[in-house]
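Note that the chains are named A, B, C and D in the order they appear, and that numbering of residues resets to 1 at the start of each chain.
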Amino acid sequence: MAVRLSGVVFDPWQELSQQAANLPKGKHGACASFVGTMRDFNLGDTVQSMTLEHYPEMTQHFLDNTVAAACTRWDLIDCLIVHRYGDIRPGDAIVLIAAWSPHRAEAFDACHFLIEELKARAPFWKKETTDHSTRWVHDSTAD
Amino acid sequence: MAVRLSGVVFDPWQELSQQAANLPKGKHGACASFVGTMRDFNLGDTVQSMTLEHYPEMTQHFLDNTVAAACTRWDLIDCLIVHRYGDIRPGDAIVLIAAWSPHRAEAFDACHFLIEELKARAPFWKKETTDHSTRWVHDSTAD
Amino acid sequence: MQFNVKFFASLAERTGLTDITLDAHQLTTVADVWDRATDHQSRPANTLCSINLVHARFEDHVHDGDEIAFFPPVTGG
Amino acid sequence: MQFNVKFFASLAERTGLTDITLDAHQLTTVADVWDRATDHQSRPANTLCSINLVHARFEDHVHDGDEIAFFPPVTGG
């Protein structure tokens, strides 16, 4: 189980590859993953860049607890969460979630649970710079 | 959109990485993916190896149509399906499904739809070699 | 009428057939093709079929030149 | 009683506060901490709070040494 906050660009596919390489072979039948990536548009405006502020100690604490909750609820072999903070450019990965399980439905459900909990409750705040302003994002739960 | 059948080992993370590298930056906010991997156990037995038979022309036709159906139903930027056939060893990736969308829910739903349709209807058949026999797998829909 | 008839997986083992060309007349449905191709072997209850690469039902009509396939429940992914 | 009080994102900009140590007595709830720390600035309706890194409610009781944080609705992921 790993939860990592990154202040620099990360490659989600390489993170997945590395995490999977450390798992025992033949035990997991399924890996469900989600990658959230910065778009260059929001609410009709072109977005140039974004700053992701967070509350580091609480973020880590919250995500660790959320992973632990997922592990009690589903039969999971491993979970991985990586989340960016700081200055972000369009195309950059913002978040990676992955869940490995013997079974498909459990991997899917756990991955979905983790990203929904993160979006709804993890203490991150996006401030985006558009062509004509800098603004705090008010709601990104559906993105 | 890509559907590929592979007779040799493939690296799902590298496939994802390559497919993502060809997408325009900043248009997709979400990628949901699923990787199915061969386990070394099933129904209480240790499985040594597996042969995946398929109906090549129908498999390709079915998966192409399923991707097309997903694209009419959800707002998708890209989809990728890779599926192994032939002789497979524990730990090998069997199937990779990925869906890229501007929005999280659409990526998740499309990925889920694609793997469920594939499991329920794509013409593949698993024959596994255990410690004491070779047998056709009768039902793997929940795995 | 001519049909290309295929059998997969456990059904190929059971019938002893894999890929045959069937020349036959008075065949109306997929079920008729099974009966003629297998010389009336019994058909397992869960057998599936396709016509020209598309899932079909045993009562569906067949036409000259069709590719008809028979297979057990699928177990991919 | 001493509290470590933090403000994040738009709330930090609005209050002009980020991270302060508050020495104060007769504070019972998180709401009391807000009032004292901000000198009774109005609190936006959707403001969230935490006690010692865990989501909390404004009526929750605070204790000496607690870290209390105030922040707007989250927008990560």
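Basically, contacts are C-beta pairs under 8 Å (C-beta built on N, C-alpha and C of every residue); 3 or more make two chains touch, one makes a residue touch a chain.
Computed from a prediction, not measured in an experiment: that's the story for all the values here.
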Q. When chain B is left out of the picture, which chains can still reach each other by chains of touches?
A. A, D | C
Q.
Need the CA-centroid distance for the pair chain A / chain D, whole Å please.
A. 26
Q. At what distance in angstrom does the C-alpha mean of chain C lie from that of chain A?
A. 48
Q: Could you tell me the distance, in whole angstrom, between the mean C-alpha positions of chain C and chain D?
A: 71
Q: Report the inter-chain centroid distance for chain A and chain B in whole angstrom, where each centroid is the mean of the CA atoms.
A: 23
Q: Check each residue of chain B and list the ones that touch at least two other chains.
A: 36, 104, 115, 119
Q: Give me the residues of chain C that touch two or more other chains.
A: 77
Q) Among the chains present, which pairs are found to touch? A) A-B, A-D, B-C
Q. Which residues, counting only chain C, touch chain B once they are in their complex?
A. 6, 8-10, 50, 53-55, 69, 71-77
**Q.** chain A residues touching chain D - in the complex, by the definition given at the top
**A.** 36, 52-55, 57-58, 61-62, 83, 94-95, 115, 118-127, 136-140, 143
Q) Touching chain B in the complex: which residues of chain A? A) 11, 13-14, 16-17, 20, 25-41, 90-91, 102-105, 107-108, 112, 115, 119, 142-143
